[in-house]
Amino acid sequence: MVLALWGFGSIESARAQDAALAAPTGLKAVDHPNDVGTSVDLTWTLSVDDNARAQPRVVNGYEIYRSLVDGDEREMVGEVPYGVEKFTDQQCTAGVPYLFEIISVGTGEQRSEPARLAKPITPIRQWIDRSRAWFGVIVVLVCGAVILFTRLARFGKATYVREIAGLQAIDEAVGRATEMGRPCLFVPGLQDMNEIPTVAGINILARVARTVAEYDATLTVPTARSLVMTSARETVQASCLAAGRPEVYDENLVYYVSDEQFAYVAHLTGYMVRERPAACFYAGTFYAESLILAETGNSVGALQIAGTAEASQLPFFVAACDYTLIGEELFAASAYLSREPQQLGSLKGQDAGKLLAGALLIVGCALATWAALAGNGSPAESMLVFLKDTILGRGGAG
Amino acid sequence: MNRETLGWTVVLLIGALGLFGRAMSKPEGMGKVYIKAVRIAPDSPTDTRTTFTKVEPKDSEAIVSVPRTVGVWIAALGTLAIFSFLYRDNVFYKLAESVFVGVTAAWAMVLGFWESIVDKLLRNLAPGLMRAWALPGLSDKQEPNYLYIVPLILGIMLLWRLVPRGAWIARWPLAVVVGTFAGLKLVNFLDADFVSQIRNTIIPLIVVVNGKVDPWASLRNTGLLVGVLSSLTYFFFSVEHKGFVGNVSRVGVWFLMVTFGASFAFTVMGRIALLAARVEFLFNDWLWLIDPGDKRPKGW
Amino acid sequence: MKSTIPWLIAAATGFVMIAAYFIPAAQGWQGEVGTWFEILAAFAFVLGGANLFAYHLGKISARRAGWGYSGVTLVAFLVTLAAGMLKLGVPAPDRYPTNAWAGDFQFEGSVSWWLYWYLYNPLNATMFALLAFYVSSAAFRAFRAKNTEATVLLVTAFIVLLGRTYAGAWLTSSVPENYSALTFPGMTAIILAVGNTAGQRAIMIGIALGVAATSLKVLLGVDRSYLGSDGD
Amino acid sequence: MFDFLKTLDRRWIFLAMLLAVSLPILAQKTFPEQPTLHVRNVFQKIEDLPEGSTIMISFDYDPGTTGELGPMTTALLRHCCLKRHKMLFLTLFETGSPVIDQAIKEVIEDEFAELELKSGEDYVNLGFKPGREVIIAVIGLNLRQAFPSDHSRTNLDDLPLTKNIVNLQDLDLILDLSAGYPGWKEWVQYAASPYGIPFAAGVTAVGAPQAYPYIPGQMLGILAAVKGAAEYEAALGEKYPKYRDPKLNEGIRRMAPQFWGHLLVIGLIVLGNCIHFADRWRGTP
């Protein structure tokens, strides 16, 4: 009986042998770099049966198992389809040695023998993301330049700033509104206070509101976000105070409409044709509505000044508004308007950033050209790779 | 009644009569929405509740839904009301605008309540209570995360504005928001836009393919580099745009104009598509003049 | 003083976030602060909603011009709010048939769902579609060759417009294969690959620097307009 | 005539646009399409992925832009179904969930009814989570932190498809259908670029020019608006003859009003300039 069973079993295993799947080979594991020690990167060589073009396919995929060094807690940590040679297990614990196995999966229940890791791997926690070290240097350079020039300006180093047409027109626009006895409209865009263009827009609002208070005109600020309304109220109130006319501040003129883009726009266009503002300011983030606003403003004869960092909307503002602050000019506006030396210094810092960009571009393209002419394996090529992948990339890993 | 009002009243009357005539004269009518009943839990033996889902009129179990048919008519009239603004501001547009603002503002609040307050804040502060109430699928393993008391406190500070005294308290959460995101955006923008775009622009000015110089590709790459550098020059603030710098920045402006021209052309394309979709809604879903998807049986 | 403490708070949180970018253990913080912001924004809706309510109520009680429309807005607002908050017409989900509050408030057939599909969405899409009209009037009025810059913009727009439809391909279909760069689709491709890409990149690099400088000014307290003034 | 054109009331232009778009829709004629390189790249990627690969599709638009992105959504989903890829859906737009439901209903449940694709096994709808790009950053590291459960609130660990997906790095491809912010740019910044995940996007026409600088470095290719959808439909038709029927190809159908609308805009630009020059010529004798 025992013998018979044994015999039967051997026939079974012989059958399995015939149809056995080849296991993948050469399983290797390394600690995933620059993480908190929860990941291990696995690589292997595909099973010889793994042929994506074979019909029917022999290997459908792979299963990856992880266990502790003593074989405990063995569990499947992932499956990958055929043709894939790598996997990252991200559910490890830092400092614990693990063993991994991988098996080929065929049709139905068919499984290969496992390929095992030769020696255990221990994921390690890294405290600093080294792949971002060069990026850190760039951040320090750019921010350092801004801070340096801000400091220099504070100590009385005069800064030249070129003209930005749209900004000089603010006084003109407000003055015109005063003369015509019509209101000014300020639209701070669609985004919330967590977006920097909105903050830049609010900075411009501070200046516009101050001019309006000085001229004794009215300013309406409908917003699409409650937080922007809160901030805009603080700003307008402060500007009235700064203009020496705290009594002209009216909270009701800074109000919330709706978070929905086109409901906000429907209200704004309605407002424009009914109240006919003489000056419209758009500063912040704008999307599709830019053209509806600018065309409606144009049709009621308002003088329009726009500024946005949304490149896709710039053509419409450029075409339909009187003045447009293009991209970076929006961020430069508050510095320019304040005329404070410190703020103007920051503009010089931004220019230093552009010089850095230009220098990197020229050096990089020169290297790339040299590398292209010199062919493979030239020193230029390795320098280019270092520049692109290490300095401007992610250190090659992580 | 002046002449213009009279004229528009006549136009509206004729339109209404036309619609009525069309709805009556055709056997299949127009602007109807069909539904059928389906079980909420089709696999459950005990839960026999049903709900309705939209089907095409071809479906044998299809019945006309009154709320949805009314809906299609309201949607169509709303569409026309908004379009009427192109002629000029009028009572229909004002009505549509008022409804639109009210509905969307409330919608934002509702969404904020269910998705942020319930699903984010209360889920973390009181998971047990939420499991029993609105989030039954919440994992049993979820423990309270008391770190979320911080946004709760910040939120309450924000609402302090509604209290007559000490409105300045609301500035603190505002400062947290602006400060946090200023830090976050600083690194994100420098990484993804500044560094990445420089990296993408590092290209050989002379392109060699199989040992031969490719003049067109070389010219293209050179043009790209010149474009980026000259456009960057336009953005220089602390240098007077005269002489050499002036000429370079002028070339930069041309590149920017090419960019804007391309953007404009692409946008035209998209906007027409949106209008086409609205017109199709009017012709297809409301008036039943066309049937592009072959969804209604012919002539019944 | 009242803007100094908030500034210090802003500076502290901002610099922590910058540092966190370089520390693997802190890389989840981005997500966490985002969640917190969403919660704060949801609280802020109370301010926005209260403001909307007060604004329109004020208009109605003062019988200011258009007060009737304010009434319409208020009704629409309250109905939508009630439908969504109370989940009117939402059945309990199939998995939890006893839990009436667990359903999705946008469930097909609910009141909120109806409001969305028959008011919110069509009005929204139609406002959006208005752009087709404004684009055409802008094309007529604003795209004129007044100077060199405007001419460049105009010519580019013209080529790309043609290049992106059947008309462009058809007009230049007789151009031989080797000179495909001279067809409208070919020129469009070059404009996109060279001119447009160059301009976009320069704008992006500039914006990144602008964002960095503005952020830094916020963190250093150079610019505090968003917080209002020192005197309350 | 000249003076009429010079002071042309823009409402005439509005009327012309309405007619240019409405009449072709009523006429229902179509033009042939040729797939361009960027579209072909995306098509080939989905075609070449081994059957049953996992693709995430982010529906970052709402019904407002269905006019532009709807046709390509159908075409892409169709292709994924034909190749039996596993699909994960989500949206970062607060009003985006209805678009996912509609796409599932129309393509997966109706058109491919015979495949009997099952929610949870062949596709999972993760639904909407507020947080915009932050959500992308979070799921780049841990899917469950943002989406502990799917849209119907079933725990992801209980679904066969998501059981072993830890984060975005486990995916074979991410597709984003993007109407603006948050959209393709955020996916590039927070997912494709940091982790090197294959990524392609379908964008609205407005977004397209900004997306080109990211190809091929950070994106495989893009489908730009209705034109992109029409080209994708053409590519699909080349490979699968069943999809050559214009009735099935909304994108190709929509190109007709598109064509006349374009012509009108081009005509208006030309007319505007003729008036401008005629005016200058008259003004300076």
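Letters are used for the chains, namely A, B, C and D, taken in the order the chains are written, and counting of residues starts over at 1 for each.
Everything that follows uses one rule, which is that a contact is a pair of C-beta atoms (placed from the backbone, for glycine too) under 8 Å apart; a residue touches a chain by one contact, two chains touch by 3 or more.
Note that the structure is predicted; figures quoted are calculated from it, not measured.
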In the chain contact graph, what is the shortest path length, in steps, from chain A to chain D?
1
C-D or A-C: which has the larger count of contacting C-beta pairs?
A-C
Can you compute the centre-to-centre distance for chain A and chain C, using the mean CA position of each chain? Integer Å is fine.
15
State, to the nearest whole Å, the distance from the C-alpha centre of chain B to the C-alpha centre of chain C.
8
Using the average of all C-alpha atoms in each chain as its centre, how far is it in Å between chain B and chain D?
13
Taking each residue of chain A in turn, which ones touch at least two of the other chains?
139, 142-143, 193-194, 196, 199, 227, 230-231, 234, 256-260, 262-263, 266, 274, 288, 311-312, 314-316, 318-319, 326-328, 332, 347, 350, 353-354, 357
If you look at chain D, which of its residues touch at least two other chains?
10, 14, 17-18, 21, 64-67, 95, 130, 152-154, 206, 209-210, 213, 227, 258, 261-262, 265
Check: chain C positions touching at least 2 other chains come out as 18, 21, 27, 30, 33, 35, 37-38, 40-41, 44-49, 52, 66, 93-95, 102, 108, 116-117, 120-121, 123-125, 127-133, 135, 137, 139, 143, 153-154, 157-158, 161, 164, 192-193, 196-197, 199-201, 203-207, 209, 211-212, 214-216, 218, 226-228
Connecting every touching chain pair, does the picture come out as line, ring, star, complete or other?
complete
In their shared complex, chain D is touched by residues of chain B numbered 86-87, 107-108, 111-112, 115-116, 120, 135-139, 142, 188, 191-192, 196-197, 199-200, 259, 262-263, 266-280, 283, 289-290, 292-294
Residue set of chain D touching chain A in the complex reads 10, 50, 52-53, 64, 164, 166-167, 169-170, 172, 180-181, 194, 206-207, 209-210
In the complex formed with chain A, which residues of chain B make contact?
82, 85, 88-89, 93-94, 96-97, 100-101, 103-105, 107-108, 158, 161, 170-171, 174, 177-178, 180-182, 185-187, 189-191, 194-196, 198-199, 201-208, 225, 228-229, 232, 235-241, 256, 259-261, 263-264, 267
Counting only contacts in the complex, chain A reaches chain B at residues 135, 138-139, 142-143, 159-162, 193-196, 199, 227, 230-231, 234, 256-260, 262-263, 266-267, 269-270, 273-274, 311-312, 314-316, 318-319, 326-329, 332, 336, 347-348, 350-351, 353-354, 357-358, 360-362, 364-365, 367-369, 371-373, 375, 384, 387-388, 392-393
Note which residues of chain D are touching chain C in the complex, please.
8, 10, 13-14, 16-18, 21, 31-34, 36, 62-67, 95, 97-98, 101, 130-135, 137-138, 141-142, 145-146, 151-154, 209-210, 212-213, 227, 255, 258-259, 261-266, 268-269, 271-273, 276-277
